[in-house]
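Next come two complexes, and both contain subunit A; in the first it sits with subunit B, in the second with subunit C.
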Partner chain A sequence: MTKESAQSAAEEDQQAQSKKALKKQQKEAEKAAKKAEKQAKVAAEQQSTEEDDFAKDRYGVSALVQSQQKLDRKLVRVQDLTPEKADQLIWLRARVHTSRAKGKQCFLVLRQQQFNVQALVAVGDRASKQMVKFAANITKESIVDVEAAVRKVEQKIESCSQQDVELHVERIFVISQAEARLPLQLEDAVRPDGEGEEESRATVNQDTRLDNRVIDLRTTTSQAVFRLQSGVCQLFRDTLTKKGFVEIQTPKIISAASEGGANVFTVSYFKTSAYLAQSPQLYKQMCICADFDKVFCVGPVFRAEDSNTHRHLTEFVGLDIEMAFNYHYHEVIESITDTMVQIFKGLRDNFQTEIQTVNKQFPSEPFKFLEPTLRLEYTEGVAMLREAGVEMGDEDDLSTPNEKLLGRLVKEKYDTDFYVLDKYPLAVRPFYTMPDPHNPKYSNSYDMFMRGEEILSGAQRVHDAQLLTERAQHHQIDLEKIKSYIDSFRYGAPPHAGGGIGLERVCMLYLGLHNVRQTSMFPRDPKRLTP
Partner chain B sequence: GKRRAPCLPLFQGFLSGTEQGRCYLCGFKLWVPVLQNNQGPPLVGLITIACHLVKEAKRSNLLGESAEGRAVVQQWLEYRVTRLDGCTKEDSKTILKELNIHLQDNVYLAGNHFTLADTLMYYGIHPLIVDLTVQEKEQYLNVARWFDHIQHIPSLRHHLPPVVVLRNRIYTSRHH
Partner chain C sequence: MPMYQQQQGNSCSSEHALQNGEVDPAVKALEARQDEILRKLYELKAAVEGLAKTVTTPDADLDLTVSSSLSSQSSTALFTGTTDLDALLGKDLGALRDIVINANPAQPPLTLLVLHRLLCERYRVLSTVHVHSSVSSVPPQLLSCLGPRHPDSHSRHMFQLGFTLIWKDVPKLQMKFSVRNMCPIDGEANVARFLFKLLAPHPSEPALATLVDSWVDTAFFQLAEGSSEERATALRDLGSALGRSAWLSGPELSLADVACYCCVLQSGSAPSAPANVRRWIKSCENLGYFSHAKTLLQ
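Now for the complex of A and B:
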């Protein structure tokens, strides 16, 4: 190669190189230009978004409410949203039950306990596109503050409790945001089991509910159940107070097992141990001996029974009654049955909404009772069972299936879901039960049943220290352990009787439910200690 | 295998008014009734013996009223021996279901007349019915009705324990 050709070759190379470089540069410049264009576009869009969002002050996530200010703003309850409030501008705080976007609109269902109402966020002069989008993205169960105009609707909104109005939202702020993934869906939790199977929709099983009780308790059904339960307590107290009873509180940490040795929880008590009370029995009676005449108490009862059934809990609320009587323990039975009847009437007359709400998910027959309450003797009950083909001895206790069968036979014959079975055989009752004066095989004791299941066990108590000692010895009970109990009857004791019911069981049976955990807020059983 | 309570003596008693001990059970693996006959070889088998006894007692109407009726009676007798005898717990539920459907439109097993089919099925099914709960008897309502009717026929039940069938339904509403 000559110098010249080399030179020209080098030049050519350089030229080629610069051509390449030029191309590369051009490409890069194009890329940069495109990127800049894009960025400018996005920025412009954002600006335009912000500029176009005329409603940006009317929605958003609020700062944490740390009591920064005292707002003089009245919040209306969802249950008060009726046509009377039509065209009013109101504020309310509720949960977002559902939110669904549809084009330029977002439909929300806002829920407060058992009540819910439809709300609408629509693009218009009050709401922007961005606001509608925001509303549609609010997670379920979030708590929101909403300012809205109440509007009457032409067609009833069947799916809501407030059927005649809907809200047209002007402002919506999230006060407390819920996490996106809920452990259970409330819609599934209120779905009747049958419907779930038919339409292949999900229902929620009991364990999941109980593990996430806080959410499960928000359902309309749960709200209704526990409001009714609160009513039972209220009616129990009011009825007995009107009858002249005094409410007492009894200790739950005790030194000796009150009912029997086996089913009692032991707790460590400093250097020794103590027990959790299986019933307030002993203390109720001591109050009678202390001249309180008629007492009742509402408190926890602890039974360490390793039963995993639909009707047993290890801790439940006992409603207990004890009463001195004049001449016959039937005076006490009448008092107790009248109290129960007042409770049934009170529930029937004041809690129909709650009963209907529960029945929507768990259909059942309404609870029936007679006035005066039906009272059958044990021997009559046995005769009815024998007539139906059951074989049992005169002094046999009733098994659970036989109790249920007898309940059915009684319902068929007398048309009542509530009755008393009186004069149980002495052999199957606790040692402190007063024997029948005319027939030593029987006793002055009684059980009460709702829908064929036992809710109360009661009796006239032995109020004589000597007889009590004999009965205890007969049952082979260590007298040392019940010395203080026997001593209470040594200084004059009136004849008395009583009984106790379980709050959860009574609610379960009144509503026709099938598992006592449905009527216990945070149930305790051999397998469950939380929440 | 389990030995069924001998029903042929009961049946003989029904036909003649008194129990007669001419039947005995014999067999190696299967307990099969044998009737010692003065006039020839012994008769073997429940159906054979039962039909023979009926004819001997001049109660041939118990075998059916028409050709079709007689065929139906024989079908039920076969049902007794092949399906009911020695059935498992699961089978018994199926049998009760089938019977319940059949007895919805029939007063007796073979239609409107009492026949040998009712007798042998009654004896055969008695141990099942005796153990049913009140609720189950309501579930198999037609079987219970038929059974109650048959067990009341004079001289039929003998010493077999009567089964209580309630007059009114008590499980009317949703089960609680």
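Now for the complex of A and C:
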């Protein structure tokens, strides 16, 4: 190369470089210009936002309620929002069930227990754009205080419990914010299983529900179930109190396993061990021997049965009855069945809303019963089963499938979901059951069934210390372990009988549900200890 | 006779008192004899009335209005002829054979209540009344319509037959017995036919059997549910039949009489019925089983 060509090459290079550099510079300048433009725009927007938000004071996240002030403000219940309140300006506190923005409007559904109502935040003279945006962004399940005007609606709002009105929101404040990601969606938790499968929408499985019980219990179905359960307890107490029963409290930490050794929880008790009571049996009977005549108790019962079934819990609420009678243990059966009938009537007459709510998610046949309660004898039950093709001995116990079949046969013939089976064979009953006076194969004992499942096992108790000792020996029970029990009958004991039911199981069967965990708030089973 | 008593009452103490205020013992004795004669006269009057009823009521074995005064305990069965429950209802599986009847409290089945009484005469029947949860309440006479509770009712297996009446919100009366082997029986007429077969063998002679059946149909379709014209026709037919024989199907009481009596009563057409029919109604009522049904209507 000549000096001249080298020079020009270098010059060319330089030119190329400077061209590149120019291009780069240009690009950077463009970028900077764009950025500046954007910043200016944002700044302008912000300014305009601040300038235009005339509703600034009418929404927001409130400071944590630490009882800073005692407002005398009346909060209206969602269930009271009816056309009667039309055009009133009211305050209420509820959860945000759903919120969705649509242009200049935001539709909210506000929920309080089983009731919900539609609410509207619309850009207008009370609400600004920013306020609508804020409302649309409130996370589900957050608790809000809302001031709104109640307005009648032309068309019924089918999806809400309050169908004839909607709220036009003027002020909305978040009292307690929920995290954005919920472990389960309430709409999914309330969806009937069938619908979920059909429309491929999610339903929530039982374990997820139980792990997040606090949220699951908020659903309309759960609210209804546990209100009904509260009703059962209330009716049980009221009916028995009216009949002259006395409520007693029995100890749950006991020194010896009452029913039969295997299924008790052991607890360490100072330097020794004790057990959690399987039933209040012993103490109920002692109360009768102590002249309380008619007693009942409501309390926890602990069964260490490793049964993972739809109807077993390791801890459940027992409703127990014990009663002295005059001449025949049927006096007690009549008292117990009448109590059950009063409970069923009370539920039928006062809890229809709750029953319908549960049926929406879990459809079932309404519960039917007869008054007075149907009482069949064990031999009749066996005859009915044999007629249906079941082979069983006279003194055999009823297996669970046979119990269910018998329940269906009884339902077919008598159209009742509740009945008593009386005079069980002696061989399959506990040692303290009074034998039948005329036929040694049978006993004065009975089971009661709801929808074909056993809810109560009861009997006339042996109230004679001598006979009790013989029966215990016959069952090969260590007499030392039950010495204090036998002693209760040595100083004059009236003839008595009784039985106990499980609150959760009764609710489950009354509502036609299929798993006892649905009627136990925080269920305990061999695999679950929390929440 | 009432006059006598009045006079006696008035004149008692004032006219026959002695000076010290006491009544002459002779007068007392006379009064006592008069009281005794009056009492005997009343008793005789009642007895004669009772006998008169018996005479005018064909084929009645025992009139319960007479039985109380003649202090007779036993009542012979109204129907003779053997019926074997095992043959009719299937082998006894060692448990109570329970007949379940679902009836609407708005239409109490009088025929079945009469037949229930007849069944109780013949067999050891365990009778129970239940109210189904579909009905909120029922008047007390419907709760006690099967009579007082049997003292042995705590032992179901001691009875031959169960009669379980359930007051329920049903459109039509229905009977269930053996759910596996029998379909339910619908309608009061059909259940009445079933129950009657447990009491007396169905007349084996076809013509007679058909006659009884046709009267049962007349009772339920025309007397109970028919228009006023149909009812009037039926009553006339009853009248002419009763002109020919003591009871509707002949010399013997049958289901025809039970059904027609109950339906006539329920339709309220007894007062306007022909003379024959009214006489026959009286005869029915003289048989104790029917009077209970009448009280239930009130």
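Methods note: the second predicted complex is superposed on the first by the 490 of 531 C-alpha atoms of A that agree within 3 Å, B and C clash if a C-alpha of one lies under 4 Å from a C-alpha of the other, contacts with A are read in each partner's own complex, and residues count from 1 in each chain.
Operating definition for what follows: a contact is a pair of C-beta atoms (placed from the backbone, for glycine too) under 8 Å apart; a residue touches a chain by one contact, two chains touch by 3 or more.
Since the structure is predicted, the reported quantities are computational estimates derived from the model, not experimental observations.
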First (subunit B), second (subunit C), both or neither touched by A:E387: both
First (subunit B), second (subunit C), both or neither touched by A:A40: neither
Which of subunit B and subunit C A:A290 touches, first, second, both or neither: neither
First (subunit B), second (subunit C), both or neither touched by A:P372: second
Residue contacts with subunit A in the superposition, subunit B compared against subunit C: C
Contacts of A:Y414 with subunit B and subunit C, given as first, second, both or neither: second
Partner chain(s) touched by A:L75 [first = subunit B, second = subunit C, both, neither]: neither
Touching partner for A:H514 - first (subunit B), second (subunit C), both, neither: first
Contacts of A:L22 with subunit B and subunit C, given as first, second, both or neither: neither
Partner chain in contact with A:G452 - subunit B first, subunit C second, else both or neither: first
Overlapping contact positions on subunit A, where the subunit C interface meets the subunit B interface: 387-388, 409, 412
For the subunit C and subunit A complex, residues of the former touching the latter: 93-96, 98, 100, 102, 128, 130-134, 154, 156-157, 164, 166, 168, 176, 178-181
Complex interface listing, subunit A residues touching subunit C: 328, 330, 344-345, 348, 367-372, 374-377, 379-380, 382-384, 386-388, 409, 412-416
Residues on subunit A engaged by subunit B in the complex (per definition of touch): 363-365, 387-389, 401, 405, 408-409, 411-412, 451-452, 512, 514
Sites on subunit B touched by subunit A in the complex: 133-134, 163-164, 166, 168-171, 173-174, 176
